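Both complexes shown next keep subunit A, but they swap its partner, so subunit B is in the first and subunit C is in the second.
Coming up: the complex of A and B.
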């Protein structure tokens, strides 16, 4: 992973740590961030969520969100019934959901304001508003 | 004689685990709408909750609340769509 990219993501994760959220940078085999033990609006009451670091980040926005494969929440989160593939990280398999918060008209990607720290906002809503 | 150390910490709160301070618009009294905006949650599609203290619980968008250093808030969108909706 490029050193500047790594520094940027680590800085964003430190901002989350300050607020009490644990998130882990994974470099291989797939570059991603795994957010630990996020609260949900269902059962299980908490879950980890993985988000890939896109090619070209931070010029390009992160997209999608992944639950552990087989999660009972998969069919209940927005976009969960339209899976976008799987990948492995931190010894687990993850299933991506069709969730695109930075394509919303009121949430255009701004690399000077947004990052993995602010993406948590969208994950919190995603996990709370289950179908 | 040494002066007592002055505490000069900026007023700050956490919204969705991210710290915001006066430079971001944090003031001693804030509306639900203002807190939601820090978390990039629109007032017309949002909900705010205070996570800590005796006033823990929901905050209406039009409600004004006292903000104390280190308070934690969760701001969420009411409607979350998959695909390319909001």
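Coming up: the complex of A and C.
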């Protein structure tokens, strides 16, 4: 993993940690961050969420979010019925949902402002507003 | 007993120093506070990058002396212990290299004296306790009566003293070790640029011959820029482009010939061939690669000026980042041809200056974040997303959240030649210190009256990181605006 990329993500994880959110950087086989035990609006009451580190980050926008494969929340989160593939991290399989909080002009990606620490707020509302 | 400092003389074991305004201007003002007869000085912080065995230092900020920090009663710089202590304690909190910069009186030699040896020996050891594994930097500046600037410097790092071989400063050059700029051109080389020499002065021609210009992009705007730089007698040109030449490039790429079609020739090799045919004295460094791959960054940070000549938005992000963190002055150029009803309605040329203190591309809204993301995706991801967009459209959903087709900019050879040549002109102005781009961004429309010139002066956005990592070099890596995707592979200097 590129040294600057690692420094950047680690700093964002520290910000998350200071705010009380545990998140883990996974470098291989797929570079991603796994947010631990985020509260949901359903059953189960909490879940881990994995978000891939996009190529060229932080210039590239963060996109999508993954639940543990087989999660009962998969069909209830926004974009969950339109899976975008699976990957492995931390010994588990993860299924990506079609969730795109930064793909619209009113929330355009800005690497000087956004990161894994700000993506958390999108994930929280994503997990709370279940279908 | 003073300890004499021995410099490592092995080839390549040297240091380079970069400075940019406003810190350089403030430093000069400070150093001449007691001119012409007495010295003055300051502590400073430097970001750094190891380029092979060479060490690049970038002036990040000055820790200016407060009243009483330096002894006003003596003509030399005598630093009081409280100043040293304050700087050492600060160094424990920041991650930058620590250095001392001081002046010698007007027209004095800039080589270190035995007193300087004594000070540097002490400080190199002292600051190592507070800033372990970081370089200690010592620089000396002096001006002669006609205002010529000479400088010397040395850097202690990993137990070795390195000589500062080169100073990259804004405006007139700081010559290493002497007020006289070294002469490198032959009579024949001078004859080749006689018209430029008579317009700008022979010392300007010599500066060009000693300089390095880097051009990112060797196609429409890059190739005429490269040609103009080669004809002006620039001594070293770094050319960066990952792409190969195709038939449609023949209309724009200077130096390309019909025989190049169908050979999958790298554009950087066509550029190199063309430069050598114009100026055999010019060293060309053709790199098949992209910014910010490490090898490319290693070369660009040693350039006097960089030209951004691609229509890729991620390149603009990377060059903006480079100008802020490594203080590399950059001129970016782009063109776009617009048409309507069978007529050309706009012939846009944009020139943008990225100096260290300028707002970044995001503050200036010069890049489309979506375009940047899509440019940085692997080809597999692009295909997958384009497929998903088609499926979304079939379902009656908006496809843009998956993939948005980006229109390719329309360009034409005369327009790219004009833009690239203008960018090269500003590069020549910066290198020779004869003129500099006084605009931050200027848009021209060659179809409009008075060429429709519009100057844009955007402000830095509140909270943007670009304002706080100026000169931080590798130590500002956590604030890098872009990192090279793994699917790019490695850049390479090609033969």
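We adopt the following convention: the second predicted complex is superposed on the first by the 131 of 131 C-alpha atoms of A that agree within 3 Å, B and C clash if a C-alpha of one lies under 4 Å from a C-alpha of the other, contacts with A are read in each partner's own complex, and residues count from 1 in each chain.
Just so it is clear, a residue touches a chain if its C-beta (ideal position, glycine included) is under 8 Å from a C-beta of that chain, and two chains touch if they have at least 3 such contacts.
The structure displayed is predicted, hence computed values, not measured ones.
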Subunit B versus subunit C as contact partner of A:111, first or second or both or neither: second
Partner chain in contact with A:100 - subunit B first, subunit C second, else both or neither: both
Touched partner set for A:7, first subunit B, second subunit C, both or neither: second
Partner chain(s) touched by A:37 [first = subunit B, second = subunit C, both, neither]: neither
First (subunit B), second (subunit C), both or neither touched by A:121: first
Touching partner for A:54 - first (subunit B), second (subunit C), both, neither: second
Those residues of subunit A which subunit B touches in one complex and subunit C touches in the other: 98, 100, 103-104
Residues of subunit A touching subunit B in the complex: 15-16, 18-21, 77-82, 97-101, 103-107, 117-118, 120-121, 124-126, 128-129
Subunit A contact footprint on subunit C (complex, rising order): 314, 317-318, 360, 362, 369-370, 372-373, 375-378, 381, 384, 388, 400-402, 461, 463-466, 477-487
Subunit A residues within the subunit C interface of the complex: 2-5, 7-8, 10-11, 54-61, 63, 84-85, 98, 100, 102-104, 108-113
Complex contact set, residues of subunit B against subunit A: 14-19, 39-42, 72, 74-86
